[in-house]
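Per-chain residue numbering starts at 1, and chain names A, B, C, D, E and F are given in the order in which the chains are listed.
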Amino acid sequence: MSDRTALVVSAHSADFVWRCGGAIALHQAAGTAVTVVCLSYGERGESAKLWKQDGMTLDKVKAARRAEAEAAAAALGVSDIRFFDLGDYPLQMDRAARERLVEAMREVQPDFILTHSKYDPYNTDHMHTCEVTLECRMIAQAWGHNPGETVLGAPQVYLFEPHQTEQMGWKPDVFLDISSVWDAKRAAIECMSGQEHLWAYYTNLAENRGNHFRRNSGGQSGGRPATHAEGFQSVFPRTVESL
Amino acid sequence: MSDRTALVVSAHSADFVWRCGGAIALHQAAGTAVTVVCLSYGERGESAKLWKQDGMTLDKVKAARRAEAEAAAAALGVSDIRFFDLGDYPLQMDRAARERLVEAMREVQPDFILTHSKYDPYNTDHMHTCEVTLECRMIAQAWGHNPGETVLGAPQVYLFEPHQTEQMGWKPDVFLDISSVWDAKRAAIECMSGQEHLWAYYTNLAENRGNHFRRNSGGQSGGRPATHAEGFQSVFPRTVESL
Amino acid sequence: MSDRTALVVSAHSADFVWRCGGAIALHQAAGTAVTVVCLSYGERGESAKLWKQDGMTLDKVKAARRAEAEAAAAALGVSDIRFFDLGDYPLQMDRAARERLVEAMREVQPDFILTHSKYDPYNTDHMHTCEVTLECRMIAQAWGHNPGETVLGAPQVYLFEPHQTEQMGWKPDVFLDISSVWDAKRAAIECMSGQEHLWAYYTNLAENRGNHFRRNSGGQSGGRPATHAEGFQSVFPRTVESL
Amino acid sequence: MSDRTALVVSAHSADFVWRCGGAIALHQAAGTAVTVVCLSYGERGESAKLWKQDGMTLDKVKAARRAEAEAAAAALGVSDIRFFDLGDYPLQMDRAARERLVEAMREVQPDFILTHSKYDPYNTDHMHTCEVTLECRMIAQAWGHNPGETVLGAPQVYLFEPHQTEQMGWKPDVFLDISSVWDAKRAAIECMSGQEHLWAYYTNLAENRGNHFRRNSGGQSGGRPATHAEGFQSVFPRTVESL
Amino acid sequence: MSDRTALVVSAHSADFVWRCGGAIALHQAAGTAVTVVCLSYGERGESAKLWKQDGMTLDKVKAARRAEAEAAAAALGVSDIRFFDLGDYPLQMDRAARERLVEAMREVQPDFILTHSKYDPYNTDHMHTCEVTLECRMIAQAWGHNPGETVLGAPQVYLFEPHQTEQMGWKPDVFLDISSVWDAKRAAIECMSGQEHLWAYYTNLAENRGNHFRRNSGGQSGGRPATHAEGFQSVFPRTVESL
Amino acid sequence: MSDRTALVVSAHSADFVWRCGGAIALHQAAGTAVTVVCLSYGERGESAKLWKQDGMTLDKVKAARRAEAEAAAAALGVSDIRFFDLGDYPLQMDRAARERLVEAMREVQPDFILTHSKYDPYNTDHMHTCEVTLECRMIAQAWGHNPGETVLGAPQVYLFEPHQTEQMGWKPDVFLDISSVWDAKRAAIECMSGQEHLWAYYTNLAENRGNHFRRNSGGQSGGRPATHAEGFQSVFPRTVESL
């Protein structure tokens, strides 16, 4: 799997940890270079604990969130994490921001992309990220966009797990065994000191997705013994040589 | 891929040819033993041309349809084709018929199953087949059903392409490259002398699905050059070790 | 429009009045012979008022419901109403009952069929009727079913309006102007003395569907001035020579 | 809340524990009499561990499953648990079985009903149970069904949580705080000695649903501090006097 | 119910009357302070009758529409109605307009919010209002947005009834009994002199929703005798202590 | 059919050929004046072949694409084709561009409009075009938008066929017989020299849609013998005087 690359587009700086930290660690460990783009720090909307401290400022929150994200990335084995610092609640990607994401796609030439679900009435930043990622993928494929650059192929886009799946209409069609890298994901999760109330939540979830993995990989009579898993929804059909 | 097995559950004796003849030929050629179960001959509802002949009887229609299906199976490299002769329009699977399908599942122990789409307002036999196949898969997995027999694992069920996909709510998530076995599929199609009006239709379709394959395997800038393909909709999520 | 025929499949003996009485009267007035099949009298489940009377019996309820339905049919100009008397709550169509409906389809050779919506958690008789009507349409089309009989073509199936449309997932794609026959429909409605609480309801509905008709036939700036309308959901696509 | 009653329709004898044990214990504790109907023991399909023992027979499995279910019911405070013993994998409810369920509905006169989700490709017994429950609710409401008996009102039907929610198209619109009875639910879960692999799963789930409860009851800035919750999908709209 | 507050976000100045006038009057009468925000006057797109008069100007239309809305609000008992005057057809909420709505949310601290449906191919202003309301709710919840202000909790968002429900994919899960305030709603409706063609429509609708209320609150055998009702679709799941 | 008019809104300059060239030629031949608006030339994203040539510039690509589109329009009998030159990948319609489309709608006063499908994860320009067309239709209907101009009525909007229908959630409810103008459509297709790889694709498709036409216009027993067809999805319900 070496020579492969992947791109994660994360609306806020912690999303990549909860939602696909296992996939990142697993692929990075197998030689796939994973680039993580954090569009914002989640500084306004996902940092309540910090804002409850005296004397807090926007810059301090951003710095704290960045440090947490960098530590988590390191725990997952990621060396390429980029902060676009576009603001959150709402996240709004203007033409320049989109162009920057297109450039990242062309530079990385990912074999697959990971991003947010299509619908989220709780968090419109997540929907916006999904929509813009699809637009940028299209632009990056265009021969007439910055002619002379290498265009993007047709990488799969996997939508990672939102917080309340059923409310988002998210349906996983792939379960990934992350048992071998669970410790790394847990370590990354523990870097998120501002959201400690979610540590147990995402640990429970990984264990339960492990159960779903086993249900679908053989059921009662056998199957690979994954202890932890992550689920993803594919946007595009797969092309295969064998069923 | 040798040692793998597959099971096709076809409502009428020609369905397996149009809808997954390429998948059958491809896997059979690669050493996967494919068992085809034809629940009926399509003798009442899909044999108009025969019934327009003078002196036609139900037995003659069945015999003709069986001969066509056997020839098609041979063209696809299949040696195990079974005719349940359950009647069509409507196809109705009673307890005994379902038990027979359960037995076939346990005997074959398929790595994957191919059958009809969930919804079809034109042809309720197709819906019935899908529904019963899922029920039988569940029964075949039960340790308490004929205790002592080897239970079925958790094979994927792929829904093959219905005639008017959009009316059936069928959405392919997998395209299979059948270029290398297209000639075999076309030969099998030509065994269906009673439905000659569909030969060009399914040839056009295979070519256009080839286009869809190419669109998704790399787009304008590259990708595997499939000339013919078939599409499938997975019922269950996949379990993978890598994205 | 003369020489055309239509078939209404009504689960209970009053459904055809509320749900498509206008369509029946309109087409009958234009020379289309409309056959109404009442699968049951709604004797158990839709006759609460009768059952609250002393000394009521199943036969008395059926007779009363039949008389109401016949009067309503007459008010709509229908001369061919048939009572299959299959029982209700639940309505269950066995093989013989289905065969009888197939025969009616072949005899009538309808240009279009009207029946219930696909989904109804309040009333499973309605769902069952829709499902069986589609099955019977398929059988009636089969050359090998009672060979020698004239097979059915491919008539459109219109699903008429259920009681709480949004709960049934019913979406009208056709509004029919029934202004010219509204008086006949109201007269038919008033034949339903056992369900007087619904008279105002279906009058309100016809007026409001008239508003929807006007909204879609020209909006604020014009359009045909329908005062009353009925809505229908088509099961199959239309085939046209012009948009 | 005393004087209220509820009815749980469970396909297999353990379903009521995992899926709505908290709701049962909570309402029972508040004076609502909850009747649990187990349509089967899950003897064939959900008793793998038992069948792996030497000398196992169908009767022994049933007896073991019954004992577990009775113990769990006791742990939840339920005194009225009924075993219909209809068989599983597949569960098939014939006319007599449905009549029996109708009778239970009329006898109990539940203020609400709890049962399985509408769709489940893994387990057709679950779908069948949901479908039949809706049919029986309709029959129980009919004045002409066993005239003279008290008819059923219009109780809400809540669909409890299936094993892989997203694959079933199940979407919870209600979260119930079961914190106060969690210990009882856990005790009931531990009665299911044959399915010990699910204990942690459903504990994790209850904790995570507690998180969802808190997210929706006030979010970051407040809200009731539920530690455990269960989710339900309502079939019918609510009727209220205030939003 | 005193001490509660509610917020209505109405795209055009008449929407709040037709779509939730009953809910407003009912809650206001019970001591809930309801704030109505009219994003525009509907001056371009929903004032055809005014524009057909000679010498009409945009300012005159706005003034007339404002007067109507104020009169209607008074009829419903509302003392806090705000006109954002953002323009219609299309309504476009820029950053400043959104900020203004966020401020209103924080000031009012509503227990629930009422606004338009998610989809409306006839009227994109309605969709835009729903989308922006969800975004603003998210921003108002963010601790880092104008730090120091009291953040918004997690109020339910109810989507009120669009004009052609089935075309909008709107499905009510709540029916509210507005019988006691129907006269006030009708009085408010009659303030809308420019849209007299809709008075009967919305009266019919309220009566028919009353029927739906009764169907779901007890059916044939009982239930609260609402004569008029309004329907709503909840965006978020409820959190309850009892079913 | 003379005196009718139609408007096609095409995101890129070739879309109108592949997706509704038959409808255009058919109606134009029958006296309906069809106006084609090309929002962009598809110069960046749909001109890969041109960009692979040495010395290519944006202006050269646009000129080549315009010449192809004009030739195709001529082949279809269209005399009114307009190029808005708004740019592609991404196409972004600002207020002025939308105003221009509104003006075209009011000028043309189309009896029906043809445009792209609602959803397309491969090509967000297509989605954007659909969304903006619905918005502009609404604005064009508003009496207060440029008062004094003739407002638009309520024309049907037909969504033409996207490239991979199932991935777009596009479901045709109308099949149009284009047999008589197939030669013209093929001639127009052959004007698209930059996308020769799609000629066979859209020929196959037209033949297969002809098969679907025949399936729905009478089936095995008869029906109009269309050889080629196009499919469309209606956005709004139809208003009819007869079923």
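Note that a contact is a pair of C-beta atoms (placed from the backbone, for glycine too) under 8 Å apart; a residue touches a chain by one contact, two chains touch by 3 or more.
For each chain, UniProt lists the protein as follows: A, B, C, D, E, F = 4-oxalomesaconate hydratase.
Quantities reported herein were computed from a predicted structural model and do not represent experimental measurements.
Contact with subunit C (4-oxalomesaconate hydratase) and subunit F (4-oxalomesaconate hydratase) alike is made by B, E. Common neighbours of subunit B (4-oxalomesaconate hydratase) and subunit C (4-oxalomesaconate hydratase) under the contact rule above are D, F. The greatest centre-to-centre distance from subunit D (4-oxalomesaconate hydratase), using averaged C-alpha positions, is reached by F.
Among the other chains, B has the CA centre that is most remote from the centre of subunit E (4-oxalomesaconate hydratase). At the interface between subunit C (4-oxalomesaconate hydratase) and subunit D (4-oxalomesaconate hydratase), two copies of one sequence, fewer than half of the residue numbers in use appear on both sides, so the contact is built from largely different positions. The angle of the rotation carrying subunit D (4-oxalomesaconate hydratase) onto subunit F (4-oxalomesaconate hydratase), fitted on C-alpha atoms and rounded to the nearest 5, is 180°.
Note: centroid distance subunit C (4-oxalomesaconate hydratase) to subunit E (4-oxalomesaconate hydratase), computed from Cα atoms, is 36 Å.
Inter-chain spacing, taken between the CA centroids of subunit A (4-oxalomesaconate hydratase) and subunit C (4-oxalomesaconate hydratase), is 52 Å.
Contacts with at least two other chains are made by residues 48, 122, 141, 143, 167, 172, 212, 215, 220, 231, 236-237 of subunit C (4-oxalomesaconate hydratase). Taken as a contact graph, the chains fit none of the simple arrangements: neither line, ring, star nor complete graph.
Every pair of chains that touch is listed here: A-B, A-D, A-E, A-F, B-C, B-D, B-F, C-D, C-E, C-F, D-E, E-F.
Listing the residues of subunit E (4-oxalomesaconate hydratase) that touch subunit A (4-oxalomesaconate hydratase) in their complex gives 98, 131, 134-135, 138-139, 141-145, 147, 157, 235-237.
If you check the complex, the residues on subunit C (4-oxalomesaconate hydratase) that touch subunit F (4-oxalomesaconate hydratase) are 1, 6, 23, 26-27, 30, 112, 141, 143, 150-154, 156, 158, 172-177, 212-213, 215-224, 226, 229, 231-232, 234, 236-243. Residue ranges on subunit A (4-oxalomesaconate hydratase) touching subunit D (4-oxalomesaconate hydratase), taken from their complex, read 48, 122, 163-167, 170-172, 197, 200-201, 204-205, 207-208, 211-212, 215, 220, 231.
Looking at the complex, you find that subunit A (4-oxalomesaconate hydratase) touches subunit E (4-oxalomesaconate hydratase) at residues 43-45, 47-48, 51-52, 56, 58, 61, 88-90, 121-125, 167.
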